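Chain nomenclature is as follows: A, B and C, assigned in order of appearance, with residue numbering initiated at 1 for each chain independently.
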Amino acid sequence: MPAVQETIDQVRSIDVDQYKYGFETEVEMEKSPRGLSEDVIRFISAKKGEPEWMLQWRLDAYKRWLTMKEPAWARVSYDKVDYNDIYYYAAPKKNQAPKSLDEVDPEILKTYEKLGIPLREQEILAGVEPERRVAVDAVFDSVSVATTFKEELSKAGVIFMPISEAIREYPDLVRQYMGSVVPVTDNFFATLNSAVFTDGSFVYIPPGVRCPMELSTYFRINEKNTGQFERTLIIADKGSYVSYLEGCTAPKRDENQLHAAVVELVALDDAEIKYSTVQNWYPGDAEGRGGIYNFVTKRGDCRGKNSVITWTQVETGSAITWKYPSCILRGDGSRGEFYSIAVSNGMQQVDSGTKMIHLGKNTTSRIISKGIAAGKSENTYRGLVSAHRKATGARNFTNCDSLLIGNQCGAHTVPYIESKNATAVFEHEATTSKISEDQMFYCQQRGLSEEEATALIVNGFVKDVLQQLPMEFAVEAQKLISISLEGSVG
Amino acid sequence: MLEIKNLVVQIEDKRILNGLNLTVNKGEMAAIMGPNGSGKSTLSYVIAGKEDYEVLDGEILLDGQNLLEMEADQRAAAGVFLAFQYPLEIPGVASMTFLKATLNAQRKARGEAELTTPDFIKRVNAAAQQLEIPKDMLKRALNVGFSGGEKKRMEILQMALLQPNFCILDETDSGLDIDALRIVSEGVNALRSPDRAFLVITHYQRLLNHIVPDTVHVMSAGRIVKTGGKELALELEATGYADYRETEAA
Amino acid sequence: MADVTLMKTPAETALAQAFESAKTLLPGNVESRSQAFELFTQRGLPHRRVEEFKYTDLRAVLRDIAPFASAPSADEAKAALQAAQALAGVEALQVPFVNGHFVRNAVDLGALPEGVEIVPLAEALASGHDWLARLSPVKWASENPVYQLNTSFMADGVMIRIAGTVDTPIHLRFVTAAASAVATATRILVLVEEGASVTLLETHESTDGANHQPNDVVEIIAGDRTNVQHVRVNAEGDKALALSTLALKVGGEALFNSINVVAGSATSRHQVFAVLAGENTNLRVNGATMLKGSQHGDSTLVVEHAAPYCESRELFKTVIDNEATGVFQGKIIVPHHAQKTDGRMMSAALLLEEGGSMNNKPELEIFADDVQCAHGATCGQLDEDLLFYLMARGLPKKEAESLLVQAFLGEAVEFVENEGAREALIGTVEGWLKARA
């Protein structure tokens, strides 16, 4: 099969040149001392001007973390992370709590422009095309540098700000909800995050409010040897609605960088949260040097009756992805959805999926996962669907499909389906296949090159998930998938 | 226009074409008939450039260009179109999206500008109307859940849009009822022009009542064994392929 | 796994003591037993944090180790076999075991059907028979703690060689008859020579319903172009803790069809480890499990497509009544070179009443790109519309349920080729349903 041989050759040559976000920005940085200790945590807390309770929370988490072990059950292998060789805090020097975009270092604004997020224009264009507006919170290494549309959002009663600010300005809300979905002691990476998190977004939608625009956060790791530990907390009060999108990029570096974020979502009665991620951290080069370790804990709590949480993710980056956005379906009649596209190429390793935990009556969940493995990558779907004793009438439908491109990669499916309630109905189906040679020939006979044909067929394969993304991000995601797979066919 | 000389082809060590010679001229409607297993479909795949076949000898020239040196997509851009006997399904890709992608890929390969969306839609709608293809079918994923007749009409729609100069119709009549056969044939006949040649591969004479050939070739055991006018098809209908099977056994 | 604490549970200590006192008394090479037991000891009894035993925590279930059974007297064996019922009506060559020991005088080893050769395992172990070298053909089994325990303690069994077409089914009857709980460890090795075909029936039961602890292993090495039909019935008493392993290595262009029907045991775990070692082989592994009360039934399966162009079909049906728990763990492995693999695995469970549980873990592990693999898993109740339809036609609810459950399990049973065995299995299902009503 010559095509396969060429595939292999091409795959060898890719990666380094494909990652177009691999530039670095020259900004003067202020950093914490290297390594992790109580002093470093005190330093971070002081930098953020945090109240005493927050510091205490962090220190408790740190003590707990010291007793914990890094999880080893995922199907990923990597060199051990030296947690004492990381800077846990890095912030652009000029940025001491910018009051407006004008105070933000122009170098940073340029970076975001390069990434396709012109923060400035977002504001200028406001009103021109009102239904397309997106409020953006941009996080550069450890701090949030700019949040747009603040004013207009606050008119609607929506709070959207860096979490560091929210801790100072809305301590009661933060205290009530932070750690209530992902407990401090949840897992190794979440506990580490609880100790050292530097920034992230905070969103609160008041009762009955439909957030007037998409909310979005862009994360950028820029500085060398830094870890990024952001923490996001979104609360949708009764009957409210919000759609939130996060995007991530990082420069190319030879060493591995750690990203250990925590995202907590709380949906009260009749509220709905849509959380979309386009993850494009640097994946490392063709030999597997460098790249981001993406160890993320994301969990949503459908706390209220008839609440809805939808996770949509397009994962194309990172050397290693360890990520299971989950829903706790606590409220009666609540619904959880998970739509995922995970593309791996080169030496990437992905172990991702979801957990749908049915606790309440008549709760429903839906999982659509599309994994695409190329190059020498490993792509694993790992998911849990469980119905507890009281989850009468629970329903789940799961579909996970994997596509392999080339025969040096692996695609794996590891679902756990546990029902303790006779009235629960769970259906699970999974397939693994490849792009058929006949399909390829058909497309080529109509004039498409092998690469165009692959992109077209792959886009068809992932369509069910792409449709879940807000329009403009769907287009971006589609391009990203094509770029990620460039060179994966000969 | 198309010239095939001494073509010898095998697949997995099995000889399928045995020194086949064939010429199709500009503006000609040529038909190839023959019993099952005589190598008709193989011939169409080899012209279009399917990879599984090993060409041991011979050449295929299209207007003097050596097709055998080109990839399938390059041959398509050069004007070769194969209407498949079994068109492939592509889940998740709307027919409209597919048509646009292919048309623009070919235009790009020929150094032409991409079509604007309104212009493209105008062309598709005109062609679809003629083939009685409803608009909602164009929104559905390509060939997924289409009936046999719908798939064949979609093939002819693509042919009409891509405006190839050498068209191969591989058993296009299989699986068509009488109405669908009429619609498809009218679609093909509308595309006949002095600059375009056709190679119609069929097992039965039925299709040739609707698409009247200039030349009829009889294929057996991987070779053209007889060539004549349209009356040859009628003759075959009456006598069957029995005479030619012997050649195969030999 | 350096962080595992080496504290032994009382059961593990008891096993160690049992092994120390038994190892020199058991037949054969002490060395190889000791090796197996050493491997077992390294990890101990598997518990819920050991991934493969996540849903069947042997450390929790196996608290007291029953004493290993000694060989029965001729009268005891005769009485036990007379009382045994499972697949008793199927015409076959009977190869009986009572309390884990081959009943030597029940079979005339000199007058076996043509193509069948049987060697008692205890004798073979003692004399170092040639075929012993072919034990443990599948590494997935060798790495398994239940299998390691069997290798450590195996007291008896048979080795069977099949050549040519053997028309008479071979019925391996395992019967336990003892006043109080006993443990048994039997090992069967079946060598199916190239081109041979055979039907193997395997039944496991006890005449007294005590809380026995059988741990049996059947290993089958089937050569190229073989056809093996295998039917296994777990009809143990309701207090038994039954562990079993089927390890298969199948050559090319072969057919292998196996079903395990579970209708007994307080806790059962049947493990299948299959390696398809030659091209164009067709494997089917089915399961039909009926659980009630607080029974726990585990079906665990690993199918490795070690050669290209093979097809495997796995269909497991589990019916759960009362507060029983069903487990299905299945894994299809396709290495890089096993192109054109076609693997399909399905697990379906019915929960008849509030309080039951089902745990499904169907896995795919795929490294080859030109394959078609799929798995599905469902769990839920009987279709209410169907139930209503049948009731509207006049069937009482229990009968309507029985009819639907029978159809549900029937889909797994219908692949049994031997007609007598198939009918007997349907009878087993009917009996189970009748006991329920």
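Convention: contacts are C-beta pairs under 8 Å (C-beta built on N, C-alpha and C of every residue); 3 or more make two chains touch, one makes a residue touch a chain.
Only a predicted model underlies this, so the values are computations on that prediction, with no experimental measurement involved.
**Q** What pattern do the touching chains form: line, ring, star, complete or other?
**A** line
**Q** Going by the contact definition up top, give me the pair of chains with the most C-beta pairs touching.
**A** A-C
**Q** Among all other chains, pick the one whose mean CA position is farthest from the mean CA position of chain B.
**A** Of all the other chains, the one whose centre lies farthest from chain B is C.
**Q** Chain A to chain C: how many Å between their CA centres?
**A** 44
**Q** Using Cα averages as centroids, what's the distance between chain B and chain C in whole Å?
**A** The answer is 56 Å.
**Q** Once you find the CA centre of chain A and the CA centre of chain B, what distance in Å lies between them?
**A** Chain A and chain B have C-alpha centres separated by 48 Å.
**Q** Please give the residue numbers of chain C that touch chain A in the complex, ascending.
**A** 3, 51, 320, 336, 339, 349, 351-381
**Q** Which chain A residues qualify as touching chain B in the complex?
**A** 2-3, 436-439, 441-450, 452-453, 456-457, 459-464
**Q** Quick one: which bits of chain B touch chain A in the complex? Just the residue numbers, please.
**A** The touching residues are 48-52, 71-73, 75-77, 80-82, 84, 87-93, 97-98, 101-102, 105-106, 109, 141, 158, 162.
**Q** Could you list, by residue number, the parts of chain A that touch chain C in their complex?
**A** Against chain C, chain A makes touches at 4, 69, 73, 402, 404-434.
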